[in-house]
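Per-chain residue numbering starts at 1, and chain names A, B, C and D are given in the order in which the chains are listed.
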Amino acid sequence: MATDKIGEKNYTAGEMMTVAAARELRSGMACFVGVGPPSLAANLARATHAPDIILIYESGTIGAKPSRLPLSIGDGELAETADAVVTVAEMFNYWLQPGRIDVGFLGAAQIDRFGNINTTVIGSYDHPKVRLPGAGGAPEIAASTKEVIVIVTQSPRTFVPQLDFVTSVGHGSGDLSRRQLGFTGAGPTIVITDLGILRPDPASAELALTQLHPDVSVEQARAATGWALVVDHNLTTTEPPTERELAVLRRLKASTEASYDG
Amino acid sequence: MTAFLTLSAAIAEYVHDGDSVALEGFTHLIPFAAGHEVIRQGYRDLELIRMTPDLLYDQMIGMGCVRRLVFSYAGNPGVGSLHRFRDAVEHDWPNRIELEEHSHAGMVNRYVAGASNLPFAVMRGYTGTDLPKHTSTIASITCPFTGEVLTAVPALRPQVGIIHAQRADQAGNIQLWGITGVQKEVALAAHHTIVTVEEIVPRLEPLPGAVVIPGWVIAAVAEAPGGARPSYAHGYYDRDNGFYREWDLISRERARFATWMEENVLHASTAG
Amino acid sequence: MTAFLTLSAAIAEYVHDGDSVALEGFTHLIPFAAGHEVIRQGYRDLELIRMTPDLLYDQMIGMGCVRRLVFSYAGNPGVGSLHRFRDAVEHDWPNRIELEEHSHAGMVNRYVAGASNLPFAVMRGYTGTDLPKHTSTIASITCPFTGEVLTAVPALRPQVGIIHAQRADQAGNIQLWGITGVQKEVALAAHHTIVTVEEIVPRLEPLPGAVVIPGWVIAAVAEAPGGARPSYAHGYYDRDNGFYREWDLISRERARFATWMEENVLHASTAG
Amino acid sequence: MATDKIGEKNYTAGEMMTVAAARELRSGMACFVGVGPPSLAANLARATHAPDIILIYESGTIGAKPSRLPLSIGDGELAETADAVVTVAEMFNYWLQPGRIDVGFLGAAQIDRFGNINTTVIGSYDHPKVRLPGAGGAPEIAASTKEVIVIVTQSPRTFVPQLDFVTSVGHGSGDLSRRQLGFTGAGPTIVITDLGILRPDPASAELALTQLHPDVSVEQARAATGWALVVDHNLTTTEPPTERELAVLRRLKASTEASYDG
């Protein structure tokens, strides 16, 4: 894992990851966001290059425009600023399930080479070493949004050859899996880590490293991956965060911290 | 028809050892006061149902009230783990709890089926995941018109549904607004529904985004001002975000948890 | 994303001969102006879908636009028969129409399934009635958990959904209030949804009981003040109850009906 | 059919029918009402002995308190005065289907001896002599309300030995039919006509004449029935409408007429 120290750079690896995720979003996109890094990335995008992004929280708010980062998906300001507030039943049945939502964000405790995700248990299901929170909205977000952006820090503990539990399907066993499972969405089209960016190979659907963040080496990425990582021959380097991106991101994070103090 | 009861009387009347109980609230309007009253009255072997077991269920699990948990996401939202939940699952402390685990989409459709008096709901979900291997309440179902195979989940019909709302009027009609989550579905799916409210008012003023649940489907209304704290009641008070973070520390160790519960729940006076 | 079009442009863009079209409105907010524009543009062989075909569908049937009707109650509410509907069914005038007949519960669940991207909906209904003998889109389905047999109906996915609402904002978000019927379900079930509105306003002021449908699921918005007359638009104008009674006389005879349509619809200017 | 002339009586047979129906309702009952006679009866009850009756219209209004008779189930005043307004989907799925509603009112173009109802066609379905409006909410009201009150004028054309079409099930083929069909509600517990009142026999479920309105003879009722009408041996006579009932009923009807003129 890349150290989260700033060192000679004026930003952390975590900030680079969030900025890279924000850049994937465009104005007008409808984004299903959870709390944490996805919400940070989506709100960063909204505050910078994608002011008309449509933020959708599974608590039922469509088109929320929070002034600060929500600390929970049920934050009151989400309801107050939303274009529409719907019940949770409606959110899942009328909005997520039909594939109306452009982008879903997912995190992962474990991810495999096909972008499948575990957020349920480490170890066996019946006698887990670590019991994680579970599925939440993730399995259906993974199945039904038009595309999925995964944000996850990269390490051999998270990038594993074999998931302990498949909570959310990425590209299944590769190739045509999603079509065979009847999913309409494209699944994870990008995995953004603190080291770089991975995208599924168009043919095999296996994640390949296509982009490295500044000052990260292929060796570091390989060492942080629990399988033999495929590196794209057109490997590019991420543009470092701009001053503006960093300033807005830090302001967003500071507002979150402030709201913990009431 | 609604009875106006104190919170302790309402819990005593409707909750029994071994019951299935859903205290719902999707981040907003979590019925903490009612849950604390369940803890104080010492019920055991409960089947707790909730999409998002959070601090309240962590407390109920840690206090040994729970035999079984039906859920879809057991985390401390925005903070991390629920340590009492983890301790129960990982180390059977204070007792083993059985899990029936779903996704949010599955849980909400199970409530919808319950509210609709249907034995099951149809959805797209769980396909390709490991959930059906461990959860027996996920089945496949074939569309009789197209032959397409979809997922079925059985209805949830809790014996007792407990929700918190902002207001009730004197006829027991309930009004809630802001994020209204799955509260109506739970109120209609449960055999008996208890609603705690911030206040009882002479008349429910219509408000944008407000949901009204007619009193004649509610078993009991109990006034419990602040009854959703440390979660929030839109228009009344904000979420105590600091406490959610503090809970991470309080709940990590069994002893500190026990002391905190002793001081803040067991020996606290009831709201009603 | 919503396009702001004139009513005639919106109808011309999305409606085609042979299409399935649902112009919905449960007594309130019936999209008469849009339906009249469909008549004026002379579409034929339409499959019209609606729970309560009333005066508007009577007019469209009488004008020969309709090949097939999917419905649950074809009456003039509070008055009696729809004479043009009856003439078509009883005497094939102006042409034979095929019927696909359901109950309200069935129709609304079919819209819900359509809005939810499910191929069918499960309900309790039709049992013991003669409807399944004549309607092929009613099937039985067995609960995979309890073995109970229930009823399944297939989703409705109209090619074009048309509703009338009170307001739109400049982003094309739609706001309607009062009796909101099945409008949201139709807007979400249809492949393309056209919404006529009383007015386009800079900003949608939150209102009690109001439903907002985000503009990004609406194909076209057309301003059509008075577009629900002779039905009503809550907060704008009342139902013209006298006209509903008068229609009984206008529509009884083919000639009088034709003259009335000629004078009041065909030669009327469009709203947009 | 009883003549609707007042004659020596100071009320019509139609008024007697509506008053008799209103008397069946009690405060606190949740009643699913359509327009026409049911709405008139329910609003008469609300304006007289049952002020706390809960009026539910299938358009989505629960606990409506209209000041005048609604001319359609979607009347604006129903929404303005209701305790709650719900979507039509919710009305059928969350309120009617679970059997929460005490009383459903149904009319009939044809009714048979077991209280089954036709509102679809007279003649054959494919080539009907008279095409009627169809089912509307009736089949599920008949199945799911705790009990059903039928209001219908009595004549050999409506009280038929064999329905042309079963739109809504009353007591099916009698006896245990409802239970076998899986219905939870009791079905038609009373049929109120312009001549009298019929109730299902507890054993056979066949409708028996249990009450005659004033000045109506058993022979008249028999002549108005298309099958061999069973007459209960405890046949009683309806109390004529009180002055108050008549006054309120006529005021309600006058307000309806006035609203036709705008």
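By our rule, a residue touches a chain if its C-beta (ideal position, glycine included) is under 8 Å from a C-beta of that chain, and two chains touch if they have at least 3 such contacts.
Just so it is clear, the structure is predicted and the values come from calculations on it, not from any experiment.
Colleague: Nearest whole angstrom, what separates the Cα centre of chain B from the Cα centre of chain D?
Modeller: 41
Colleague: Can you compute the centre-to-centre distance for chain A and chain D, using the mean CA position of each chain? Integer Å is fine.
Modeller: Between these chains, centre-to-centre, one finds 58 Å.
Colleague: Please output the residue numbers of chain D that touch at least 2 other chains, ranges allowed.
Modeller: 93, 97
Colleague: Pull out every residue in chain B that's touching 2 or more other chains.
Modeller: 112, 117-118, 123-124, 148, 184, 209
Colleague: Name the shape of the chain contact graph, picking from line, ring, star, complete and other.
Modeller: Graph shape here is other: it fits none of the named patterns.
Colleague: Which of the chains touch, listed as pairs?
Modeller: Going through each pair of chains, those in contact are A-B, A-C, B-C, B-D, C-D.
Colleague: Inside the complex, what are the residues of chain A that reach chain B?
Modeller: Touching chain B from chain A are residues 35-36, 58-61, 71-76, 78-80, 85, 87-89, 92-93, 96-97, 120, 125, 128-131, 133-140, 143-144, 165-169, 172, 177, 181-183, 259-262.
Colleague: Enumerate the contact residues on chain C facing chain B in the complex.
Modeller: Per the stated touch rule, the residues are 117-124, 137, 139-141, 143-146, 148, 150, 152, 154, 206-210.
Colleague: Considering the complex alone, what residue numbers of chain B touch chain D?
Modeller: 1, 112, 115-118, 171, 173, 184, 188, 211-214, 216-217
Colleague: Which of the residues in chain C end up touching chain D in this complex?
Modeller: It comes out as residues 26-28, 51-52, 71-75, 77-78, 81-82, 85-86, 89-90, 101-105, 108-109, 111-112, 123-131, 133-134, 148-149, 178-182, 184-185, 209, 231-232, 234, 238-242, 244-245.
Colleague: Can you tell me which positions in chain A touch chain C when the two form their complex?
Modeller: 28, 30, 54, 62-63, 83-84, 93-94, 97-100
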